[in-house]
Amino acid sequence: MITVGIIGAGRIGKVHATSIGTRIHYAKVKTIADPFMNDEMIEWAKSMGIEHAVKDYREILTDPEIDAVLICSSTDTHSNISVEAIHAGKHVFCEKPIDYDVEKIKEVIQALEGSNVKYQVGFNRRFDHNFAAVQAAVAAGKIGEPHIIRVTSRDPEPPSAEYAAVSGGMFLDMTIHDFDMVRFLAGCDAEEIFVEAAVLVDPAIGKAGDVDTAVITLKMANGAIAVIDNSRQAVYGYDQRAEVFGAKGMVATANDTNTTAVLSTVDGVIGEKPLYFFLERYMESFAKEVECFISAIVNDTDTPLGVMDGLKPVLMGLAAKKSVEERRPVKIAEISF
Amino acid sequence: MITVGIIGAGRIGKVHATSIGTRIHYAKVKTIADPFMNDEMIEWAKSMGIEHAVKDYREILTDPEIDAVLICSSTDTHSNISVEAIHAGKHVFCEKPIDYDVEKIKEVIQALEGSNVKYQVGFNRRFDHNFAAVQAAVAAGKIGEPHIIRVTSRDPEPPSAEYAAVSGGMFLDMTIHDFDMVRFLAGCDAEEIFVEAAVLVDPAIGKAGDVDTAVITLKMANGAIAVIDNSRQAVYGYDQRAEVFGAKGMVATANDTNTTAVLSTVDGVIGEKPLYFFLERYMESFAKEVECFISAIVNDTDTPLGVMDGLKPVLMGLAAKKSVEERRPVKIAEISF
Amino acid sequence: MITVGIIGAGRIGKVHATSIGTRIHYAKVKTIADPFMNDEMIEWAKSMGIEHAVKDYREILTDPEIDAVLICSSTDTHSNISVEAIHAGKHVFCEKPIDYDVEKIKEVIQALEGSNVKYQVGFNRRFDHNFAAVQAAVAAGKIGEPHIIRVTSRDPEPPSAEYAAVSGGMFLDMTIHDFDMVRFLAGCDAEEIFVEAAVLVDPAIGKAGDVDTAVITLKMANGAIAVIDNSRQAVYGYDQRAEVFGAKGMVATANDTNTTAVLSTVDGVIGEKPLYFFLERYMESFAKEVECFISAIVNDTDTPLGVMDGLKPVLMGLAAKKSVEERRPVKIAEISF
Amino acid sequence: MITVGIIGAGRIGKVHATSIGTRIHYAKVKTIADPFMNDEMIEWAKSMGIEHAVKDYREILTDPEIDAVLICSSTDTHSNISVEAIHAGKHVFCEKPIDYDVEKIKEVIQALEGSNVKYQVGFNRRFDHNFAAVQAAVAAGKIGEPHIIRVTSRDPEPPSAEYAAVSGGMFLDMTIHDFDMVRFLAGCDAEEIFVEAAVLVDPAIGKAGDVDTAVITLKMANGAIAVIDNSRQAVYGYDQRAEVFGAKGMVATANDTNTTAVLSTVDGVIGEKPLYFFLERYMESFAKEVECFISAIVNDTDTPLGVMDGLKPVLMGLAAKKSVEERRPVKIAEISF
């Protein structure tokens, strides 16, 4: 039985607590910490069978009974708490991104050196049934050597311009998942990136210094070419697809829907829109990634997504920004690390 | 908080116990009873947080703390335990069928008369996302008056001939779900039935006196014509579809799959087979039907599927048998009740 | 080079004339006859390179240069002209049905005995790409022994009640194609039929003594069960599908559409309706059936659809009527022939 | 009645001759010219009702009866014959590309200045049912302002390395159709292009100085971003899809197949591969483009694809080559014209 502490009682912290409580029999959440802990959160924790609901995450790090922590706090705290938790000897599951600052990720990497701590970063989409099936087909050689990898990733609605301004920008906030997906599907790293980006959804996002639409081309280490297309607003819902084309064929996914019902009327043949957003579409993957983390601890194996998997998409995001600024293809290696 | 006892710790009893334990916050299972209760079951019950694991279901019926029982025992016990539970003042969720003997169902109906007990029968497919969407479209008038209702229901593999012999026959064991579905989709009762049936899958089933393939036509009270096609063996998996055609259009569902991944190779464009069998396909519906039962208790509303909804498909199944024996259309009213 | 005469210059006569003119290099239409021949038809014939446009079809039958005739005149003339053409030594392609009166079909059968004339009846749907693919899969054993055959056949709009009254009724006018299809897909004859029919589309059709909605169950000679569902009005367009389910799998077709374009908006994911009606959907099959007829003459082989293939669906249609009248399953053998 | 001469009796010349002969009633082909005219071609011409089959295309240009010419000769002759035909006062339909040399296209443009000659270039895919439907949806505003345009264009098998060496390269030989498609769907010109290309299909193509795989990003004049992905070898067949995503939705097409038949077995749910190659997929579009050309002459309207529409994709192809050579985004305006 693995004893877990959760740091951050926001939306994703609660999702993980629920997953552990209802689906993982060999783990339990003992403590949840949040600086804004209030009566409602405490009540919720009690209903989930969580003994302690506290304000200070250090109560978790200093509890000798706790084996592992899930860092679900605000992004700017991820790297520091990671380092503290590693030093406290806790296994760490850290929500993405570890940090937007490469130097801060370096500190986590250094903290991990020589430790026996398991570290996993929360790129949950690898655990989505559709994307996992695409990757499995590629890894099994069903399409031969991959030649072209396409990822479509479009949000149903844009963030506020205020959020856009502080989010690190679309590439680090949203595309970072797609950067990870491209690495996952190709089975290797990206070497070079070129971005064609625009502000087409909301001029306020442009005024805040960000973009909301992009087509991103990547040259992968295995020779494949990857292309990501992003938009901050697909009015028909969360559009999350991937396709890998190779020497022996192609594997592709469609969006998930609530039901397969199709209505035929004088107006046409009408199917359902995709599941609305990430909580609907990726709920199952959130549970699976935590199961894998707990399982890696129990079986003393590598986590499926280590600290370097947390670093690489950040480097890609920084290279993407540079490509937009300098209007040229940028090698990932140009981003100093 | 509703306190529940579960009678029968087989597959479906465990499914319901898990649903309540992990998804229904305002209910808990206090006791589970099974005549074959053993250490493994006891261990499992403990892991689910169920206090008591006993052999005699009467411990449940006599426990004043228990509000409701789920009858998941063998089919031949459903009606008797239903009557006992009703007399004990417990709300009852009874797995389908209540009984194959109409007289025994009558006893349950009589027991319910004048009682304040909620009674629900386990036709779970009404709670399946796809079928519920079809019914909702029909009920919302999106296809106008229904004219033709089609239900395809094919199992992935046949039962043993031994099972077939004691199961009550295909119509009462398997088609009974489709009889309920037809009533659900049409929004009314069937008046007449004609069956064309055959033994095409396994001659042993024929020797045991049953059929394994059938096309069943029903005249519904609202004038619509319904047709069910059944097979005991679809080698590509559990085939569960419905289509309702009406004056203003059609609504239809496809099968569910694990993923949307499609592989294109020199061999063709290959998608996944349907989810294998009822535990895979209908797991969510099992949870939803129990949620609705508990909710009906909490809110003191009618259950979505009362005792008469348990009776009607049995009458239809008996009429189906008669149609096969007498090679003619049979009115449901011919089945004495 | 086969020289052809066309009897009847209505819609289907023109379709066949165009097919021969533009697609069949080893045949030409020399003469077209129609009792209502007028200047417009004559102009059209000239534009198609047809030398003679006449009123009396006997000019075709007495022309020694003409090898073959296509009988596209009104239904009540099909059998008589067939007999005359056979006696004149012309190969005959006859639009369906040969006649609604079995005695009249007998006369055609008798005329053919001992002659060297090729005779083909116009059940064009066998030449449709989708249905032909289903049949080919079944015939190739890809689904094993067929168990259940489903044909959906729904017209986009009902005929006038006047037409319904003189058309021979839905079973002989519309379902006759589906009866042929069931024989084609099963690879054998039907033995017994049961019909559940209703008037749900237009009460005037009912007053005219016909039905407009039906589900028809057939027991096939090979043990398979076939089911046809018909409606005179599918508001979303011409619904023409088939599915054959067997011991090793299932093969099924969807409707054809003009394009594969799918529009995703806030309103849903919207595809095109089926092609509107038989001229849109089956145009290619009309050309192919005539190509096969000409080819059978050139190569002196059997036509793909002989006079008995013209008879059988009529027997099935008459049995269907009897089933509705007598509310019971009717053996095809009960229809005297 | 428009009298047409066809220059070049190769595959596409024959396709156009057949289209005119069988589908366009108000045009006829009087003469076909080919330097390699032989008995077989003469026989074929006769069977098509073409009076003259000659070696020298000048016989067509000097024939005062001939209104229009279709230039279907080898690519290197397109521009010169275009100029000669324009000077001879013939309307010109010219197969793509007019030339790979911009200066030669200029000569055609100059020849057209002040003439009354209709000129159309053969980008047939605009007349394909699927692509035309996508464009129509965009032009009708159904998806709002376009933001992202995706074109997938993959051939079923690579050309020989010898052909690749003399074809002008993949961008001018194959992608040129996609460049036209992007302009068609966006409704405007491209301003800048970036290409990520590779040799992944056949090393011999690389040795011949060409590429066989590419992802091409384009910034369009209306702000949209377009992306084309190309491969010289999709083993599952000719992959021809497009998707336009915009402010109010998305419209997308799938590949065409011979039939809609789907086979479900223990191996999966198996649909057909796309139509094999351009003759299968685009046959209808070849007929439609010529119909539009003839119609433009008859009605004295602009052709749907003028000489500038022939020039622009060549400029895009040359810019694509430059982008590969210089590893940077290239403005189309950089290509001197």
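To keep things simple, chains are lettered A, B, C and D as they appear, and every chain counts its residues starting from 1.
Quick note on the criterion: a contact is a pair of C-beta atoms (placed from the backbone, for glycine too) under 8 Å apart; a residue touches a chain by one contact, two chains touch by 3 or more.
As the structure is a prediction and not an experimental result, all values here were calculated from the model.
Please name the chain that ends up farthest from chain A once chain centres are defined by their CA atoms averaged.
C
Any chance you could check whether A-D or A-C wins on number of contacting C-beta pairs?
By number of C-beta pairs in contact, A-D is the larger.
Please work out the Cα centroid separation of chain C and chain D, and write it as a whole number of Å.
Their C-alpha centroids are separated by 40 Å.
Calculate how many whole Å lie between the centre of chain A and the centre of chain D, each centre taken as the average of the chain's C-alpha atoms.
43
Indicate the whole-number Å distance between the mean C-alpha point of chain A and the mean C-alpha point of chain C.
Distance between chain centres, rounded to whole Å: 58 Å.
Enumerate the residues of chain A that touch no fewer than two other chains.
234-236, 248-250, 264-266 - these are the residues of chain A that touch more than one other chain.
With touch defined as at the start, can you tell me which chain A residues reach chain B in the complex?
Of all residues in chain A, those touching chain B are 21-23, 25, 47, 129-130, 132-134, 137, 142-143, 248-256, 258-266.
Considering the complex alone, what residue numbers of chain D touch chain B?
Residue list for chain D touching chain B: 234-236, 264-273.
In the complex, go through chain D and note every residue touching chain A.
Spelled out, the residues of chain D in touch with chain A are 145, 147-148, 150, 154, 194, 196-198, 200-201, 213-215, 217-219, 223-227, 229, 231, 233-236, 239, 245, 247-250, 327-329.
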